[in-house]
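Two complexes come next, and they have one chain in common, chain A, joined by chain B in the first and chain C in the second.
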Partner chain A sequence: MFRNLLFPALASLAFVSCENRSDVEIANEENILIIGNSNEPKGLDPHLVSGVLESNIIRALFEGLCVEDPAKDSTSLPGAALTWAPSDDFTEWIFNLNPEAKWSDGVPVTAVDFVFSYKRLLSPDPNWPAEYSEMLYFLKNGEAYNRSHFGHILCGNDPDFPLDWETLKKANFEGERSLKLENFVGKKFSDLKEIDLKKLKPYLKEDETIDLAKITAEKVDLKNLSETEKRIFCNAKGIDKLSKEQLQSLKSDSSLVTWTDVVPEEVRQIVLDRLIAHHEAGKPNLWEEAQVGVTAVDDFTLKITLRGPVPFLPEITKHYTWYPVPKHIVLRYGKINTAFSSQWTRPGNLVSNGPFKLKTWRTNHFLEVEKNPHYWDRDQVDLNGIRYLPIKNYYTETRMFGDGQLHMTYTVPSELIPMAKKKYPDQLRQEPYVGVRFIRVNTRKEPLNNPNFRRALATSIDQKAICEKILLGGQKPASGIVPPFGEYKVPGLIQFDPEKARALLKESGYSTDSKFSEIKLLTTNSESGLREAEALQEMWKQQLGIKVRIVQREWTTYLQKQYDADYDLCVAGWIGDYLDPTTFLEMWVADGGNNNTGWGSKEFENLLTKAENTADVAARMDVLSQAEKTILADTPVLPIYWYTTNYLIRPEVKNWNPLLLNNHPFKFVKIEK
Partner chain B sequence: MLKIILSRVIQTIVVVFVLVTFVFFAVRAIPGNPFASDKATSAEEEAALKAYYGLDKPLPVQYVNYWKNILVDGDFGDSLAMKGRKVSTLISESFPVSLKLGVISLILGMLIGIPLGIVAALFHNRWQDYLAMVVAMAGICVVAFVLGPIFQISIAAPLDWFNVAGWSRTSDIILPSITLCFGVAAYLARLTRGGMLDVLSQDYIRTAHAKGVPTLQIIVKHAIRPALMPAVTFLGPAFAAIITGSFVVETIFLVPGMGQYFVLGIQSKDYNLVLGLVLFYGILMGIANLLSDIALIFMDPKLRTA
Partner chain C sequence: MSSSATVQNSEPAAIEKGSSLWTDAFVRLKKNKLAVLGGIIVIVILFLCFIVAPIMSMAGMKANDQDLANRFAGIGEKGVLGTDQLGRDLFMRVLEGGQISLLVAFLATMMTVTIGVIYGGVAGYIGGRIGNIMMRIVDGLLAMPFLIIVILFREIITGRIDIVARFLVNEWSWDNDTVTRFANLIPLTIAIAGFGWLSMARIVRSSAASLSKQEFVEAARSLGLSHRRILFRHMLPNMLGPVIIYATLTIPSFILYEATLSFIGLGIEPPNSSWGKLIMEGANFLETNVIVLAIPAVMFSLTLFAFNFLGDGLRDALDPKASKD
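Moving on to the complex of A and B:
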């Protein structure tokens, strides 16, 4: 064995001097772009990934209805669709697909593929682990289908139903938000804390106790429960989530669940009958019944109906969740929603409709795509291929760039930025990127439940110092949670102001010597995370005299602690999915999966709903700006800075321009010789 | 001989079994969630994921299933972090890379370390000895994440025919293997020196000197073999360790080896990947120890009767 291995080693020593050209020189001749891509992609199924590095590959392989302009933000060029037109109120859009558009195996891309894709991403099956299905909630009934809102689907879509859905939906279909049965699993009533008891209070008679084990059991038979237990169980679950048997018991006493007075008894019975009939039939054809707002009018005409006016829909179709997947290939390797066990994205199987197709994929080594000969706009595509290198070590990446191994890096570590400015003044790019760095505040805890206290923390962060002394990447101090772009007017409420911070602290009723349990600042275990946290720690100590302890946790634990609300303050970031303020605002609705602060405001949510129903662009932006004001006034989140991208790019790469979303369309990129 | 091999094999099986059992429960006890992602997952989704990977069952059932899948179906499970990929695929793709790199660096380490140790022993307490030991000490102390970048900056960058990092050119193996070999060379030098000094003070060496046998002949014919025994004992485990890759060297030099999975597995709470690696590494360690034991038996006749 040694001899077998020794020989190539010695041979390699003899051969090394044969190739004197750098990787980039060879690639330039072959017209291949080599880029650093940070890490091994988790997958290539557009419906099952959520990372930036995966999207860099998927954008080369697939194409949505519209394509990003290579130089102008918020501009859409024809992609899979040649033309598109909205209705007057922007709630209905017709996309005329390009009949020349083909999958990389030569099969035409049709409207059926799009309907199939959206049905797939929205699949309500709990076994379907898509993380990004809410990107399709813009579609009418998309959310109702995805989250199995049976009441909405079965009664709300029926024009002959005796009660209109706007009225009917006031009944408790989705379950009470604050009353989560999961929180009571394995607990005894006598051991409940004040917070939990408060949630149950409205249902309990004086001195009444209930058996928590009964209502948290896997299968609950309503007959075995007390009146109060029934009430708590049904309202916590909501009508949509009750089983057939539970619905049948509900029929004899519909008042167990909150319907509000506007829903008369006979309507309640009709609703229950419909749900029971649906369950009895084994929930057939939910997709048809849900009438999700996407239809193939014919092979090349796609009609999209939205939940409200969306004047910026073409923007959204550029996000990879809106890309089509090949129906014929997905079904060849599994069912419509076979997730990770499907082999359809493996090399040799994957078929895509974008400018490139998958050529090689070697784990932790490289992934290469090559020109798609069936692509409709192939004459426009200049590159013969793109090679993505999963370089986890960004210092290595910068060195590889210097050695002519890469056309472009994924990033530049902040320590190397001063060096890069000197050594590569023309190759270093620092461009704005729609993303925001902020601190989540756990508003359930004292003293962080005090808005003035939170505001004091926010205004004592010297954001400029963090940007200019630590990050060095051209980041901008954030006066809010939505970065500036387009026509959106940032309210600009949060600024570094130590005087005001101290005044706010005084107003909050707390002071430096107040007794409250130590505040902990959660961050990741990265070097940069620690430096940032130390700076924040020092600023709060200096300006307010408040001592904060830094807690570093590795990535998955850090995330889990946020979801479990097991933190006081937590540094985090958010990157926009599309160019509209809602991508930054919608996450802050009460109990939103990415909120995690315990904060919620009816006023804020009403403004979001209002914006959802406003077609006029300027008026809509004003409403959203107001919504941001409400959240900043309450400060459950402390903005720090707005992101930039920092990367190195070789001068021969052309048509790579600053784009706010950093979603560069590879089809326009050229290597100049 | 057979008896020794057999007892070694049984020992290895027991050790691996205990190791896997311990790690199985230990990885599940560390905080964190393999399905945590920067986008929130709903409770239903998480439950579905857990059910898909069999993590919803009670621990003892999971444990029995784990062994059953391996012994009956030869299935080490799916990776939880790199979804859609089998642990066995990840290991079988990356192990050949690490094996190649590891064997070359081990040979380099032996070529540097053993002569260095012999020279040091022969010039005991003279400047040659001190110099050799300073070099060896430096090899132990200067870790790969310092050495690697130094090589990248001072060797690869100025020379046209070297790449800074990567795994596509034949020359790409040189810098990572040199980086890796230093640690091995340093240990070998110290162990060889110690062994050599021990042997050189023995009576039979003195007798040979007295009989007028030339020094070179004494060393080559009589001293080297027993002097290398401590080094050979070390080489067994070192071999197993070096052919399973190194996280640091692989990330610095962009080598698609298996060392990075040890770290990725723990960081992302990829239970199946961690267990697969522990099992694989445990068996390799057993084999390597067995090989070094057999080598020792050939080197030292006294052991054959024991």
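Moving on to the complex of A and C:
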């Protein structure tokens, strides 16, 4: 009787003591890592996401050809591929896949899966919402396929074509970048502003007016248009984007689109014929025609052909855009380019090839992954699982860490760094991160079109004060765009020098006496963004007497304003996707989608092309460094600082070492008991 | 007889001095301790923001001057109340922020009263179908989300204000900082008032509708007075009670609106401050430097309380029947 009573009493005691243990202690016993992950992931399809928080989960679930070394940057360990070898000029790579590598349902990972994945990410369907297709533009013809460059695919890839592609390329295939028809939708010609009129001027005869409604209509019939309207429409669209009917009417007068003079009329007709034939055939297997540079030689041999020499290809394959997706599962739940509506990433359906597989995903609670029993290197994996908590508020996150609910935080906001330094001196990590904070300058506007003026702005930013007094996260003053890493020599051209800045300002001829502040600094509506902007504003006012106004906009408007070049100065950031300077430099080519400054330089682009064709690593870095110098000399961007990551981590988590890209491989992480 | 004698003997009774509605109300208001306290607080805060702050500013204590070497200086270490996250004088920022918050609230209230009284008065006086239509328009506008209207107003107005501001600075060489600071306030005020007059119009309409049926209005009408004269000379003084009460109560709610807008980044342009903005910025330092949050928050709540007490007191004083006790 007594014993009967005693037992439940003891049991309840044990239960109570259990309750008193923190989440982390329980997780330590179960060998599960708990991570703060900032927000609910947008999705788990590696092709459809672009955020850091999604990449944290995808890195645990999937595995690329190569795997990041847990302690050393720029070192690649075997992943889905056992061995790999480049050709002499680094344009062709053979990856020998691991025959042991399996999806988490036991099906082997083959080269076909990789080809399928790359075809999927590069899908030219305009409704395909992938944000990161550019990462595969390294592949030969990857860009042409993704952006439906029919001209290139049909003529440029044909070795028997009567004219070489380099010459033909100068014809207007892509449409004129400055002439966007979307800008004219719903407007009347008489109401157009000066800036819009300027773009149309070259096509207009004197005092000529055109009907904007006609050329912006959904379906445009060239027959109904005037000569000038035809010319504007065709040049704005480019040959690649014209429909079959439009191409047919173009045949009667091919000069409506800009061609280079060396393209004779017969060749123009051939190009148009090929495009029309292509449209008539209903776009049959564009992938085959495009000859994108990835092929499955056999089940376990993948051949990758690149657009130029890429000696650092293994680095790139560690990025999640290069991960494979399971062909058999994706096709079971939809077509190759069924996007968010596809069920293949749901728990229970998702099949992955990485060290972990998806266990549970409870929206706004947590997402948990567990060890993948079919993973080829399962003996190496120590953790039984990882639990990701979507904690939006960083203050809450820091508090939860203090309460023992997390092994690791996503970040530490700069306001809390002094507190964290005091309270958790051993747990706070401040590590370099390849990213740069800078200000875009709209070089089309007065007085920002003057390089001396821009240089004056750049050299009057007290970068050190911003890093040490405001950010406190160990950020480094940026003397250029590319952060220091590996063998790259930072040119170091931009330094805080108020004397020189004042001299440069004088040279630029800009007078500061009692003028209405016209220059506006665009930033996001985040608190840290505001502090930084206010500090910059004060520095320019004190050092140069230039009064700048701050405009805060919410994130999507902020991005749109940059894209539309509707800004003067704009604070922005850029995080490297892989460890090579090109990830920071390529965006500044004149027609780069992320340039948005209106700046462009032939010299810079030539240097980039030269670097692309230089196989020798040291020489290549020199050329890239020179390319950066040409940007900094003209200063269309004002560098502010190089990023760091700040986070809290519990001491029992082992094998978590500083990595420049912050892409920590979870398979090596251990919890010490 | 005797009684009549006493009447005759006594001094002729002084005709009791008629006391107006306003004197009565003031006497009643003075008896309400909370309302008096509220009034005093309002006066003190107005004095600090609009008299002390400009004097100190002229004496060289600028609210926007940064000193990154002295961030988060404590009380008395630098300035009166220390410095904020960019080393700016917190005391000056709170007072100058108060200027903006209070100015927006007062100006918006004045606009609200003007538009609301005219619109609501006309709707109530005319009544019938036209009055109904006028009030349904108000209902329709009220149904629209506040934020969207405000953003719309701001986008439309800001560009135009800039043209005026540019002219003042470039042609008349006014001080750029002052002009931009106050130019900023106008779109904010118009946006808030553009929404705020709707409730005022409703209140005025209801009292105008009931007044228009009363005998003295009938009398005025039978005298052949013009509609305008009846409305503004005869009815308006009788409606003033609820209008004043409502106006006092809208001031704190407008300060709150301004704070809301600033809090989500639609308010005053940086580096200028307002209370809402200071509170928003300070909220980030809740765990590390609570003073940056506490001072504007205390000033803000104090003002809200004071205006609410004053408003309550005015309601009790002007309209004793409506009082709960």
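Just so it is clear, the second predicted complex is superposed on the first by the 630 of 673 C-alpha atoms of A that agree within 3 Å, B and C clash if a C-alpha of one lies under 4 Å from a C-alpha of the other, contacts with A are read in each partner's own complex, and residues count from 1 in each chain.
Everything below uses one rule, namely that a residue touches a chain if its C-beta (ideal position, glycine included) is under 8 Å from a C-beta of that chain, and two chains touch if they have at least 3 such contacts.
On a predicted model such as this, the values are computed, not experimentally measured, just so you know.
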| item | value |
| --- | --- |
| Which of chain B and chain C A:Glu415 touches, first, second, both or neither | second |
| Touched partner set for A:Lys515, first chain B, second chain C, both or neither | second |
| Which of chain B and chain C A:Glu40 touches, first, second, both or neither | first |
| Partner chain(s) touched by A:Glu182 [first = chain B, second = chain C, both, neither] | first |
| Touched partner set for A:Ser190, first chain B, second chain C, both or neither | neither |
| Chain B versus chain C as contact partner of A:Ala535, first or second or both or neither | second |
| Larger contact residue set on chain A - chain B or chain C | B |
| Touching partner for A:Arg549 - first (chain B), second (chain C), both, neither | second |
| Partner chain(s) touched by A:Asn127 [first = chain B, second = chain C, both, neither] | first |
| Contacts of A:Ser252 with chain B and chain C, given as first, second, both or neither | neither |
| Those residues of chain A which chain B touches in one complex and chain C touches in the other | 395, 554 |
| In the complex, chain A residues that touch chain C | 395, 413, 415-416, 418-419, 465, 469-470, 514-518, 525, 527, 530-531, 533-535, 537-538, 547, 549-552, 554 |
| Contact footprint of chain B on chain A as seen in their complex | 1-2, 5-6, 8-9, 11-13, 15-20, 22-23, 40, 42-43, 48, 50, 125-129, 131-132, 182, 339-342, 345, 362-366, 389-393, 395-396, 399-400, 402-403, 405, 553-557, 559-560, 563, 592-594, 596 |
| Of all residues in chain B, those that touch chain A in their complex | 31-34, 36-45, 47-49, 51-52, 78, 81-85, 90, 93-94, 100, 103-104, 107, 149, 152-153, 156-157, 160-171, 173-174, 177, 250-254, 256-257, 260, 267-269 |
| In the complex, chain C residues that touch chain A | 64-66, 68-69, 71, 85-86, 165-166, 169-170, 173, 176-177, 179-180, 264-265, 269-271, 280-281, 284-288 |
